[in-house]
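Order as written gives the chain letters A, B and C; numbering starts at 1 within each chain.
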Amino acid sequence: MLKKIFAILLALVIVFPLFYNISLSLFSPRDFNTSPALFFPSSPAFENFSRAVSHRYFLRYTINSLVTATLAAVIRTLIVTLSAYAFSFLHFRGKKIILFFLLLSAFIPQDSLLYQNYVTVSRMNLTNTYLGIIITSLFSATQLMMLMTAMKSLSKDTFDASRVDGAKDITILFHIIVPLTKSVIITIFLQSFIGVFNAYLWPLLVTNTPDMRTIQIGVSLMGYQESGRMGPLFATLLIILIPFVILVVATRKLIIKALSNGLSY
Amino acid sequence: MKILRLLPLLFLIPAMLFANGNTESGDVSTVTVWHSNSGVLEDAFNHLVDEFNTNHDDIRIDAIYQGRANDVLTSVNAASLAGSGLPDIAQLDATAGLDMMYAPYLVTVEELGVDTSALIASAYAAYDGMNGHIGVPFNASSLLFYYNADLFEQAGVNVPRTLDEFIEIAPVIHEKTGVYAFSGVPTTYELVSFLGSQQGGVYISDNRNGHDGVSTKVLFDENGTFKTFLEKWKALYDTGAVNNLTSGVSSAFYSGQSASMLASSSNLSTALENTDGLFSLGVANVPMVDDEATGGVNIGGGCLAAFTNSEAVKEVIEYFISPSVQAYWAEHTGYMPVNSKTVESEDWQSFIAENPLYSVALDQALSSSEVVIGLWIPSAYQVYYSFQSTIASVLEDGMSIDDAVRTMADMINTSLAEYTRQHA
Amino acid sequence: MRAKNDKRGYLYVLPAVILVAVFSYYPFLKAFISSFFLKTQSGEFSAFVGLDNYKALFSNGYFLESVNTTFLITAIFVPLNTFLTLLAASFVRRESRFNEITGSLYIIPMAFSMSLLALLFKQIFSPTNSIINRIFGLDIVWLNDRISAIFAIIILCIFLDFALDYILLLSAFRKIERNIIEASLIDGANEIQRYFLIELPQIIPTLIMTIFIAVKDALLISAPIMLMTEGGPFRSTESVMFYYYIEAFRGQNRAAESTISTITVLFSALLLIIYSAVQKRRRHA
């Protein structure tokens, strides 16, 4: 019983930011300056929401985020799957060295190379493009390792049999291997999506037009904070947040199953 | 297999990857302006931009908010690495001074050939560098003393003219109203006035505060100005009526938790908006360190720096400093007009007659010494916080004033030396 | 049978090889080499200076302070985060209706992305009217001194990592073979003994992984600080990576940029080697 009480207390703490965001999104300017802080708005300021959605870039930022995260997740999953397939089932000279070369890159955190990578990407004229936003996150050595582990556990016979039938790589890969390693591939896709969707510093650097900004950097560049218009800021946050809360809670079983396959760091 | 049916979609990806928002059309030249105006400032700025765009068929201003002034500088520095992607015009402040003075891509006001004859001389001089003016003043401001007139009245005190007077009245305010007399810890912006105004006006570092080439050393240790200031400020703090806030200073003031603050005149409209119906807002000249400190305040705010040399850019810049634009801008924000014709106009005179708060900054700036100008040093952003932390150490942790002066001088001198080492 | 040479293999690994070469090895080598030279504004090498750039970096008080702050954040964040996520996963590790509902609340932080949560926490820890003060009856001016600012940043980081760590640990608990637990039931072990003697040892590899991820996240922290405190008050909450960002992009300081890149890459490589060694030793033990 005591355990249940603590479990509920912890849940209350965890959910508090969400509750408080809902409350803040209805605060009037004066509520923000009231001391001590209020739990609930004095009277709900629904105009915060109309101000939030009428911001000229709100929709654009959101779309940019969804597009870049989806694109990056699709491409990265494809690149990781193709190379995992090659390393697991094909024989070619230098395979071991190339694999070592790829896996060793896990030791190099890209956060430390922000500046050098920015110089590269800008010399390639990729600033303010979707490709520029995602290009440094299109491969992950740890995900390659994860998928290779999953592929290794498959019976070699499955592959050899279809090989004898003269099936093409693409057919084998997408018809036989991918369905068998589906849950790991979904994990890779999800992790990539979350990673790119949450990225902050990199998109801040490679975009400088509002048309290309993502929502992560967009919310702090809507100018709400500097001018003390906090109500619309929290209304904006809530509008972005709610679909994700619903999504996360509704698909929690899938998420838990997918992420329990392992994790890339 | 379902996934195969999705393959055609993959061919759409390349098209999306290179998509960007730029739409270039034939005869219209687009002038991109990166700015730092948010809230009421952005509303006013966008109004001016829209007005320009409606009246011009051949030039279109594309105004992009890049965050605060130092965020604009970060974006400009980043774009300059790329060799492309620089805007045509950027709105920058004094922290950009050193970078811009040496920036190969900068087009000076002289090179661009802007007509600056109507600009208020001291506002224009703020951007005078070794190779010419780095930009024209657009959003000129000066430091102001904001006070809660209701609380001052309740305490029965007058606005202080000097720190000595402030030291006398601060405990009275604290005692009679129960709130702090002042919130905040001075930073570079405040110190340029607090130090520079002393002894009738002095420089803070050599080479004219870095405007004639990178400074080699600071002067505030030799001439004793920092020590004098710290003594007064410590006395003020020791009254117990000062709250050392480093963030949330304005919300503490708006919510009536402190009776005064120092802030840029550009906050005036925002302050009026935030205090409307709560209390009556007053603004006054910044209290001076002592009676000999007659140098006044420096003109801060920002300038428009050009990175493209074209007729269109020149026309846009001249538009932004024109009398009517400056009048609109000043009346809607609290910045002071930089065009002398604006100041002389009947429109402005009647505006300030009705809104006397809006004239304080300009009057204060016009009576200030030309020696009191913005500090152009490397790592300007970092120095900002160093000043705060050193002052706070003196106030709260018992650091001696002599140590504080030495620490600060060493810190800036070291960063000047490091800059010189890397750029010899 | 002789191994044949599937040339197509090269084609399949090519994108990965290019990406890694261009965005991991090349920038690291460039930063490494640059760290021994002076460079002009436009990026050309101007002089070889040996270790001078490193000396300048390590004689800079603010850099040393940022190292100090980073380790302080790591030292508090990692144990606290591990304890709380382990607690959450332990509470609901058995499958039941109650645990299902409570557990679904625990993953809600996953819906928040980093910058959204940071902006929200900035308000929660407002220096003028913090709701935290209201709830706990405190009188703290949050974010206005180093200790309270670092504390607020750490709480933010816990929320950022909470859901993921919780899920990993929960799955580890639920993967424990039934018969191990049942065997202990027959042995007459009570609930607490079973938890500490049977279940906890089974999830140690996952626990080590979450600890390692937490260490790495804490050591490389920058964006949450940028959004919450901007390194303030008084530059007292700057992390190494925040300092790097400011120097590289705002300060145009090539020397600091290349030296910090080099040092942090080497340091995190060292960490990964330690991690692999720990996991390997466990497997052989």
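One rule holds in what follows: a residue touches a chain if its C-beta (ideal position, glycine included) is under 8 Å from a C-beta of that chain, and two chains touch if they have at least 3 such contacts.
On a predicted model such as this, the values are computed, not experimentally measured, just so you know.
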Chain of greatest Cα-centre distance to chain C: B
Of A-B and A-C, whichever chain pair has more C-beta contact pairs: A-C
Chain centre separation in whole Å, for chain B relative to chain A (CA means): 37
Separation of chain A from chain C, taking each centre as the mean of its C-alpha atoms, in whole Å: 16
Numbers and ranges of chain A residues touching at least 2 other chains: 32-35, 118-119, 205, 220, 225
Shared interface positions of chain C, touching two or more other chains: 43, 126, 128-129, 249
Multi-partner residues of chain B (each touching 2 or more other chains): 78, 81, 251, 255, 257
Contact set on chain A toward chain B in their complex: 29-30, 32-35, 67, 71, 74-75, 118-119, 122-123, 125, 127-131, 174-175, 178, 205, 208-212, 220-221, 223-229
Parts of chain C lying in touch with chain A, wherever the complex brings them together: 3-10, 12-13, 15-17, 19-20, 22-28, 30-31, 43, 84, 87-88, 91-92, 98-99, 102-117, 119-121, 123-124, 126, 128-131, 133-134, 159, 162, 164, 167-168, 170-172, 175, 209, 212-213, 216, 220, 222-223, 226-227, 241, 244-245, 248-249, 257, 260-261, 264-265, 268-269, 272-273
Chain B residues touching chain A - in the complex, by the definition given at the top: 1, 3-4, 10, 13, 16-22, 34, 37-42, 64-68, 75, 78-79, 81-85, 87, 250-251, 254-255, 257, 270, 274, 278
In the complex, chain B residues that touch chain C: 70, 73-74, 77-78, 81, 99, 102-104, 244-248, 251-252, 255, 257, 378-379, 381-382, 385-386, 388-389, 392, 411, 414, 418, 421-424
Residues of chain A defined as touching chain C within the complex: 3-4, 6-8, 10-11, 14-15, 17-18, 20-21, 24, 32-37, 39, 79-80, 82-83, 85-87, 90-93, 95, 98, 101-102, 105-120, 135-136, 138-139, 141, 144, 169, 197-198, 200-201, 205, 215-217, 219-220, 225, 230, 233-234, 237, 240-241, 244-245, 247-249, 252, 255-257, 259-260, 263, 265
